[in-house]
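Following this line, the structures themselves.
Two complexes come next, and they have one chain in common, subunit A, joined by subunit B in the first and subunit C in the second.
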Partner chain A sequence: MSIAVITDTLASMIRMATPLMLMALGGLLCQRAGVFNIALEGFSLVGAFAAIAVVQFTGGSVWAGFIGAMVFGAVYSSLYAVFVTRFKANNIIASIAMNMLGAGLTSYLLRTIFDVQGAYSPDKIQKLDMIKIPIIKDIPILSCLSGQSIVTYFAIALVIIIYIMLFKTKIGLSICAVGESEVAARTAGIKPDLIKWEVVLMSGALCGLAGAYLSTISVSQFSEDMIQGRGFNAFTAFVFGNAHPIFAALVTLLFGLADAIGIRIELLGMNVSPSIIKMFPFMFAIIALMTSSYTTKLKKLGVIGNKKKKEKIA
Partner chain B sequence: MVKNKENSKLLSTVGIVGKQVSLIVLALLLATVFLAISGYEPFAIIKGIAESLTVDIAGTIRWATPLILSGLAICVTYKAEVFNLGVDGQIYMGAAAATAVAVIIPESLNQGVSVVVVFIAAMAAGAAFAMIPALMKVYLGTDEIVSTLLLNFVAELFVEYLVTGPLKSPEQNMNMNASKVLNENTWLPRISFFEPSSANIGIYIAIILMLLLAFLFFKTAFGHEIKIVGANPVLARYAGIKPKKTILQVMGLSGAIGGIVGAIEVTAVQHRLLAAFNPDFGFDGIVVSLLANNNPIGVLFSGTFFGALKNGGINMERITDVPSAITDIVTAIIFITISAKFVLPKIRKLRIKTVRAREGGK
Partner chain C sequence: MAVAVEMLNISKFYPGVIANDKVSLSVNEGEILGLIGENGAGKSTMMNMLYGMTAPDEGVIRLFGKEVHIQSPNMAIKLGIGMVHQHFMLMPNLSVLQNIILGNTPTKHGLIDEKQAKNKIKKIMETYDLPVSLDEKVYQLSVGEKQRVEIIKALYRDAKILILDEPTAVLTPQETDKLLEVMQELKKQGCAIVFITHKLREVMAITDEIVVMRKGVVTGSLSTSEANTGGLSDMIVGRTVNLDIPRGDYCPGETVLEVQNIYARNQRGLPALNGVNFKVAKGEIVGIAGVEGNGQAELIDTISGMIYPTDGKIILEGEDVTEKNVRQRREDGMAHIPEDRLGMGTAVSCSIRDNLILNRYYQKPYCKNGIMNNKKLHQLSERLCKDFGVKTPDSTYKLGTLSGGNMQKVVFAREMEANPEFLIAAQPTRGVDIGAIESIHHKIMEVRDSGRGVLLISAELDEIFSLSDRILVMYEGEIVAEFKRGEVDERTIGTYMTGAKRQGDKNGEK
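And now, the complex of A and B:
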């Protein structure tokens, strides 16, 4: 393989990983606060739709699309937050319902607002220029980092910001405290419901942005099945990454690589069915899930790792 | 004391049914408001349901069959506190196996025998596919929620692969991904009374299965074991029940039921394997089961309701311009409001505790 091919594959890995990274960051915040959030899929779908709708109504502004997607993602996630905090809903059921509602709502609005079925592309869209980083863009292989969209760099910055927030600030400490033990957190003067609201809204906004990335940068249209399980992959990514922002982000890169290799195989014209190629990230996710659960099990049994007792909070 | 208990049981059943009905009414009201705001005919969805339950029962049966079966598939595992969110994947795998077997069966074979063979293959495939997350859960401690969700995509893509590759229809100029039409001797008969609708005798399978499961749950030791494993795995182990074995059993059973759904869709409704033929019956099955409070007998009713809802939505889209996605919204609203019910028992427990504490204080 030539260096150009490797660079190209790595660049597409980063492109494919960006939305996963954003979703995983949102998801892991929830996980840290003890909210089981597999509604990432639905939040992102709403974000993707909101982005395209806002782009259409502002005459093609992708920036407005981003903001709209984050706002609507957060607004949509607030419904989940209400059910999780106020009504103490079963997180799993509520989040599956949010996925379903997201699919129904976007499909309904697609018909109602744009009068189309399946997919919609806005009349005009001012595509953002990819950002070329000087110096790096001339280094072989590393140049895959250059020429990405602004969202990618934002996502990478966010990984570090959320890392600092989680482990070095008071807010992060409160989030982890709520996840560890709600009763203890309450005793310490933290309001668990408030924290849960915060993390769910953050995940909504981040997933919204991820959706906007998919609908305005990856392609220039919204289609009903555009998230295609990425939310679940992102979930697996942060589970595998132990809900640690940096590890989770690295895992999303691996998922991106699985996607990128698929694209590469397709480009090379190897005789592999595209359906099989599309399975790669899911297969990878399942293997990741097995590995992470097995290591957790071993840790719990005290076979590997430090024997610090981790009590599971149900 | 005993009478009191019976009374409270009756009361709680009435209470549960009342609550579920009020959830449905709430969801339909919200949907009506939704339709009114978007400028469609506000009562379209209610009319659709009414028509589905009166004029167009055939359509309702067509949709209720897979929904009831999916609901049963969910309620089997739910009792054991296992979330099988992979019924969709098991449906796909069942359909794939049914088709693969059906294309091999010679045209001369007796219809009864071939249908049974096809269904056994589908059940085996569904159960085998459900074994993957079950074994992962039992031996590796993998959370079945995420693994089943991921496996759904694998199964859907696998069917897509089959109908674009090995099982692709030899017909030319076909712009859909599908297998060839199956031989008539492998078709599950439709109910002739409802011709030309695709309402089929799968509904009888669903009802028989419902009765079998109700018997299993309420009258056998196995049903009791499932409940104990769900309620308290530690206690179950003390009682000599192996929770791992029970988990494998319920997942296998659930997968087999999923396989039946796939086989019915292929052999009675479509008569061929289509890519992405399954409109998320598995997820709808969760709502069907939850609305029935995970009771097999209740699943029959809630499945029929959702069948009528789905059929009504589709009819309305055909007649008026109301998008059928509104039915998904109604389903999702019922889904999410149902999830909130888990607060009630807790409050009650808390109240009992506080009352007891107060009495103890006296």
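And now, the complex of A and C:
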């Protein structure tokens, strides 16, 4: 493979990873505060729709789309926050409800607002210029970092910001404390429900932005179910990354790589079915989860297994 | 000296229950109040109201003469109240420093100012002699250290009023002494302390005033100088209690259980038992003392068959049962009262009857060809409830409706009905009140006197001392000392429990 192909693949990896990274950051914030949020998919879908709708009504402004997506993502997630704080609903059930409602709501609004089915492209959309970073853009391979969208750089900055927030600030300490033990946090004078509201709203805004990235930068339209399981991949990424912003971001890059390679294989016209290629990131997700659960199991085996019995097996 | 806390005519009603009925108490600055009573007497409810966890339905709370309505722990903290809960309110995966500053974090440019926090904490640690390493994670600390963190946490928030909810329940005698010293120091500095405990000795040793509660009302309020332990325990129970259990002569028979060089790992896969050897004979109670987490749980699990040892042998009545599973061991004559009554000992949402038959439900005559014989079951459960004094209108009630002491009686009845030759009793009286302790101790003694073997594991040294014929001390997965009944006092055992000493070290000395 030539250097150009590698650079190209890596650049594509970063593009693919950007929305995952944003969603994973939102998810891990919730995870740290003890909210089991697998509604990332639904939040992002609402964000993707909101972005396109706002772009249409503002006459093509992508920036307005971003902000609209974050606001509506947060508004939509507040429903989830009500479920998990006010009504103490089972987090998983509430997440599933949010995902299903997201799918239904967007296709309903698609029909009532834009009078179309399946997909909608705004009349006008001012595509953002990709940002070229001087010097880096001329270095082979590293140049994959240049020429990305503003959202990508924002996502990378957020990884660092959220890392600092979680481990170096007061609010981060409160978030981790609530996740560790709600009662104990309460006795220390922290309001767990308030913290949960905060993280869920942040995850809503982050997922909204991720959705906007998909609908306004990756493509220029909203289509039904356009998140296509990325929310669940992001979930896998932060679980596998131990809810640590930097590790989780690295895992999203791996998923992005799987995606990018899949696309390359397709482009090269190799005789492989596109469906199989699209399976790549999901297979990777399963392998990732298996590895992490297997290592946990190995540790436990020392307890459960009788030495003699193990020898017999060996 | 000024009055720090006054709680006047406090009442708290829960549906169907009066938790507190016109309870009054007060504490002065520089004074320690002992608050005693059985479980469920309403002590914790009182303190939860003072700490803002719940609100009283009637009555007035005054702090330093000013009436207050404490609505949240946050508010209580701001008013200068600190509470050390019975179950530590610490985050195991956060560092000691993070745990202390949580909720009251100094910041600089938006980031946590660790230096400032550390300086303040170090000052507290020096003043009260409470050393803890700040950078360690809490799960790495011993129980005594965790408690120190809790106290520092309260002092860090400038608490003037300290509530200590059964702080000594989990401590070794040495750690308890240390805590009492710290309390003296706090008292000298003008703190008002409410000290909840079950141990009358400690109450007599350190408090200035005593309030006794029973069933939600105050049954005694006196100053310590006028009190004596006998009178106090009568006030606690409402009748005369005798914890001196009569015992038959000690005449051990043949060995019923032998543990040979057992090695095992804990749930994290780390070594928990490192070559444990001992025997239990028929007609004796062998007590295992030790600070929790030194392999007792793994020892119980290995003997009962919940986990398999990585090496070594377990011999029950001359037969090697190392490879046998739980049911086979039970059928060979082993019974087991688990340490975790709710998790392992019982099924809370099942009926009392079902719980009484859990170990034999598949046997005749209770089950024929896979069909349960409800009539036989009902006869059995009604008889057991009567024999063992389980207080319930009907054995078809859910087990969860019973109190801790009655639940334990159900477990006991079930295990004894199988007529075992060997009984493992792990923390048999944990969390049950003094009246139930008395009856459970009598039952254990009956097992011994009827010529069967008992292995007693308990964190309560009092219990070990009052029941055991022989006492083994466990430290870091090994038996470090063995004593005969009456040969040793609590203080000596304590030095072995903390690993300061072991019997191999002092050759020849008895």
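The criterion applied here is as follows: the second predicted complex is superposed on the first by the 295 of 314 C-alpha atoms of A that agree within 3 Å, B and C clash if a C-alpha of one lies under 4 Å from a C-alpha of the other, contacts with A are read in each partner's own complex, and residues count from 1 in each chain.
Simple rule for what comes next: a contact is a pair of C-beta atoms (placed from the backbone, for glycine too) under 8 Å apart; a residue touches a chain by one contact, two chains touch by 3 or more.
Quantities reported herein were computed from a predicted structural model and do not represent experimental measurements.
Of the two partner chains, neither subunit B nor subunit C is touched by A:120. Between subunit B and subunit C, B contacts the larger number of subunit A residues. Shared-chain residue A:247: touches no atom of subunit B or subunit C. Once the two complexes are laid over each other on the shared chain, residue contacts for A:112 go to subunit B alone; subunit C is not touched.
In the superposition on chain A, contact of A:76 is made with neither subunit B nor subunit C.
When the two structures are aligned on the shared chain, A:185 is found in touch with subunit C, with no touch to subunit B. Shared-chain residue A:49: touches no atom of subunit B or subunit C. Judged by the touch definition given at the top, the superposed model places A:169 against subunit C, while subunit B stays out of reach. Taken in their complex, subunit A has these residues touching subunit C: 164, 168-170, 173-174, 176-177, 180-181, 183-191, 299-309.
Of all residues in subunit C, those touching subunit A in their complex are 51, 53, 72-74, 77-78, 83, 85, 88-94, 98, 101-105, 107, 110-112, 153, 264-269, 307-311, 323. Against subunit A, the residues of subunit B that register as touching in their complex are 34, 38-40, 83, 85, 136, 140-143, 145-147, 149-151, 153-154, 157-158, 160-161, 164-165, 280, 283, 286, 290, 323, 325-329, 331-333, 335-336, 338-340, 342-343, 346.
Within the complex, the subunit A residues that touch subunit B are 38, 79, 83, 87-90, 92-94, 96-98, 100-101, 103-105, 107-108, 111-112, 228-229, 232-233, 235-236, 239, 273, 275-276, 278-279, 282-283, 285-286, 289-290, 293-294, 296-297.
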